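Please go over the structures that come below.
In the two assemblies presented below, chain A is common to both, partnered first by chain B and then by chain C.
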Partner chain A sequence: MNAYAPILVLGAIAAAFAVGSVVMASLTGPKRYNRAKLEAYECGIEPTPQPVGGGRFPIKYYLTAMLFIVFDIEIVFLYPWAVSFDALGIFGLVEMLLFIATVFVAYAYVWRRGGLEWD
Partner chain B sequence: MSTLLAAAGSLEPAARSYLSPTGQEIVFLLVGVLVLGAAVVSVTTRQLVHAALWLVVALGGLAVEFLLLTAEFVAWVQVLVYLGSVVVLVLFGLMLTRAPIGRSPDADSGNRPAALAVGAASAATLVTLVVDAFRSSWIDLSGPAGTTRLTGEFLFSHWVLPFEALSVLLLAALVGAIVLSRAKGDGTKPRPGNLRTVLTKTKER
Partner chain C sequence: MIATHALAAAGGNSPSIPAPHIEYGQLSPMLVVFGAALVGILAEAFLPRRLRAATQLGISLAGLVGGFVAVVVLAAQGHASTRAGLLAMGSVAIDGPALFLQGVILLTAVLAVLTYAEGRLEPRINGHRIDAFAAQAAAVPGGEQEREATREGLRTTEIYPLTLFAVGGMLLFPASNDLLTMFVALEVLSLPLYLMCAIARRRRLLSQEAAVKYFLLGAFASAFFLFGTALLYGYAGSLRLGEIADVVSGVAPVTPALAVTTQNDALLLIGLAMVSVGLLFKVGAVPFHSWTPDVYQGAPTPVTGFMAAATKTAAFGALLRLFYVAFPGIRWDWRPVMWGVAILTMVVGSILAVTQQDVKRLLAYSSIAHAGFILTGLIATDRRGVAAVLFYLLAYSFVTLGAFAVVTLVRDSKGEATHLSSWAGLGRRSPLLAAVFALFLLAFAGIPLTSGFTGKFAVFQAAAGGGAAPLVIVGVLSSAIAAFFYIRVIVLMFFSDPQPSGPAVAVPSALTATTIAFGVLVTLGLGLLPQYFLDLATKASIFIR
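Now for the complex of A and B:
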């Protein structure tokens, strides 16, 4: 637990620096506004106007997020399995193979249904 | 659980007391209060994006709780899977549907009393269960109770069936996502992001 003390300190320093910079800038900096400065910042490109009805995103993103989450969970379980593999032996191996096989069925299904193609 | 307690090396109850909490216990309680507050705001706010962000606070607080219990692996899984993926999925869900940015009047429903009753009942059940199960047991947090090795050994030898059932759940989730996001039948693909076109088309058929 004590290993996290330096991380906490680092986080506190980072937060203090961020808040301090914003406060100092608002106190000491000159304020000369123009139209470009007041526009929403979109990585340097011209901000695109919001479509009527509050723009929506293609459903493809949902599938991508779902794919990510499923395989994220699969990989997360591999980690404690690998760490305690010695103690689990052949039983653990079969267990994990069954698990991966089932998730692989999901992968094959997505692949066949064209879920991995963007267009 | 008894294996875990034995592995953790339980102390005699007489050595500990509720009246002299350690700093770790106090922080645990404080973070718990924070998690509870964030969770309540998350389900009562009428701004859907705010609800998702309060969910981040609640889930992140839970990760801190796991860390305080020295269960490092579980804590970082909480951060990776819940903060990293589930909340992203919730936000994607908001962007994909016609959920308005800002206040949504239909985020409220007349089911609040029923939801409150169900929530209170399940909370009471869980509290009774946990208090009854761990009434006088203390887990020595300086021991290896929360290490990844112990978690793995425990998970893969005592919780085999839930673990294998999880793979089926993941399969179902992916199949469901495909079915929802891909138009079936005549080969026409759904226009990106235009769920309404898909729905009306299906209705016409």
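Now for the complex of A and C:
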């Protein structure tokens, strides 16, 4: 049980910080509302006006987010490799070049198909 | 001071991490196909539109044929028998079953890609040839954007690289000797298939619905597989199939750190059950079959043919390897369950097929019933069972491809006329096409002198030899039920009057004609002279550990 005590303490501190911040903000913060502030927070979707028939929402945000994830994953692999680059030798270099080339193929496709243009 | 020393040691100039050994030569079938897929993406990115379709066809055929040549060369060098072995640090196994199934998948894919490129069935739009795939898959069905894309004669040529990626995953699936590699292969083959289902040119909504259903259920099944993998790792302390088998049989020493979970039978049984769910979903076995009819119906017909043939081959390969390499030691636990699944699959598939009114749904239920027949071979748990399943998959792939290729030819003004009522009297309008389709149906039914008979005979013989005689009785009875609806379609085609406003039979180009001709050839060849291929399957029936 003792081994879990720090986790419980951390959980308690986190909860206190979260609740405390919200309470403090509502007590001390200035209240100047504008339209953007009153909107519901949604990633990439305009929550109002609702599209006709519940239909479509802009996909641009998702495209950007997806690209971000692709490069994020690339970094996840690149970073540890770069740190121990010399320990892996030529094999690591070749495999990493192949990996980057593969991701680059996807990047080239997205670029040529206009995936990087917002409008 | 000590910390500095540690850092210096870690950052030293000598390679301190041993590089894994990768046998690129033996992995070449997969590498060639993946390479072709990447070239296809680049072609998609940089080539002008009018050149894309032809170039993509060329790249795909080059990649697939190249992969097939690599498989044949590997087999000729003895990698299917004496030199079979584990590659890539034990995560891939290249042996008889792997190479046999890779060959079948690659040949199937070559013929499927030919049907993709068929440009003669749809009427030309403004002089542009179009194919079975959506003009612009991202446009709203029936919307202004879609109309514009159709007017410009756009085509979704991405279907070719997507197919190549799926084929790459399928090649890895039956060869993976490690649960995590198997999972990666499962995802690599599934994700492109979900997309490919969604891009039919006609009946866009049905096609998108099929893709969403397939994706949701497929993701669910993948999650089952992954969770089962985690439990099996807890049980065995390893993901390698061979090492799991050692723990199952009690040969492997228990690692002290894992003593709490290792050899906990609950983990083993639940893990095995969950991994099996993931794989049985892919082969379309009851009770994990419910996606099959909707997806087969909604997907563009050339894709349905590819999916029905190649996915089933790959997934049965993985299922065989899982049960024969990792879990032969507890066959008395999994065999009764697989008995139940096989019986349900055969009976439900055959009975539900009787009521179908749509030819694509009919073929979907028939594929479920066939999954049941193949499962009886798996239950034999000996070499003959493996050989029978390999042969069945070879025979079934070509019949299925051919049958779906025939479905693409029967058309009316709204595209393919898949309702069975419009197939009435087809034998009088187009005797050749109806005869070919009848041959495929007879092969599905397992009538002698077709490949279906040889395959069915082989799996039933293996099952009976493996002590599953009651299963064979159920199999023969369901075959009889299945024969009823296949023959009903034949009767409908030849002995009823054609509707006055019925569909016309389109004349295909050499592409689809080649696929159908090859299907007929293999169906008759494996029915009349099966010995060579039976021997080949028998020679290829030993799994390496």
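The rule we apply is simple: the second predicted complex is superposed on the first by the 62 of 119 C-alpha atoms of A that agree within 3 Å, B and C clash if a C-alpha of one lies under 4 Å from a C-alpha of the other, contacts with A are read in each partner's own complex, and residues count from 1 in each chain.
In the analysis below, a contact is a pair of C-beta atoms (placed from the backbone, for glycine too) under 8 Å apart; a residue touches a chain by one contact, two chains touch by 3 or more.
Note that the coordinates shown come from a computational prediction; the quantities given were computed from them, not determined experimentally.
*Asks:* In the overlaid three-chain picture, which partner chain does A:108 touch, first (chain B) or second (chain C), both, or neither?
*Replies:* The second partner, chain C, only.
*Asks:* In the superposed arrangement, which partner chain does A:61 touch: chain B (first), chain C (second), both, or neither?
*Replies:* Only chain B is touched by A:61; chain C is not.
*Asks:* Compare chain B and chain C by how many residues of chain A each one touches, and report the one with more.
*Replies:* If we count touched residues of chain A for both partners, the winner is B.
*Asks:* Once the structures are superposed on A, label A:92 by its partner contacts, choosing first (chain B), second (chain C), both or neither.
*Replies:* Touch partners of A:92: chain B and chain C.
*Asks:* Do chain B and chain C land on any of the same chain A residues, and which?
*Replies:* Common to the two interfaces on chain A: residues 56, 59, 84, 87-88, 91-92, 102, 105-106, 109, 113.
*Asks:* Considering the complex alone, what residue numbers of chain C touch chain A?
*Replies:* 10-13, 15-17, 19-20, 38, 41-42, 44-46, 138, 140
*Asks:* Provide the residue numbers of chain A that touch chain B in the complex, in ascending order.
*Replies:* For this pair, the touching residues of chain A are 1, 4, 53-54, 56-63, 65-70, 72-74, 76-77, 79-84, 87-88, 91-92, 95-96, 98-100, 102-103, 105-107, 109-110, 113-115.
*Asks:* Give every residue of chain B touching chain A within the complex, in rising order.
*Replies:* 24, 67-68, 70, 73, 77, 80-81, 84-86, 88-89, 92-93, 95-98, 100-101, 141, 148-153, 155-157, 160, 163-164, 166-168, 170-171, 173-175, 177-178, 180-182, 190, 192-195
*Asks:* If you look only at chain A, which of its residues touch chain C in the complex?
*Replies:* Touch residues, chain A against chain C: 55-56, 59, 84, 86-92, 102, 105-106, 108-109, 111-113.
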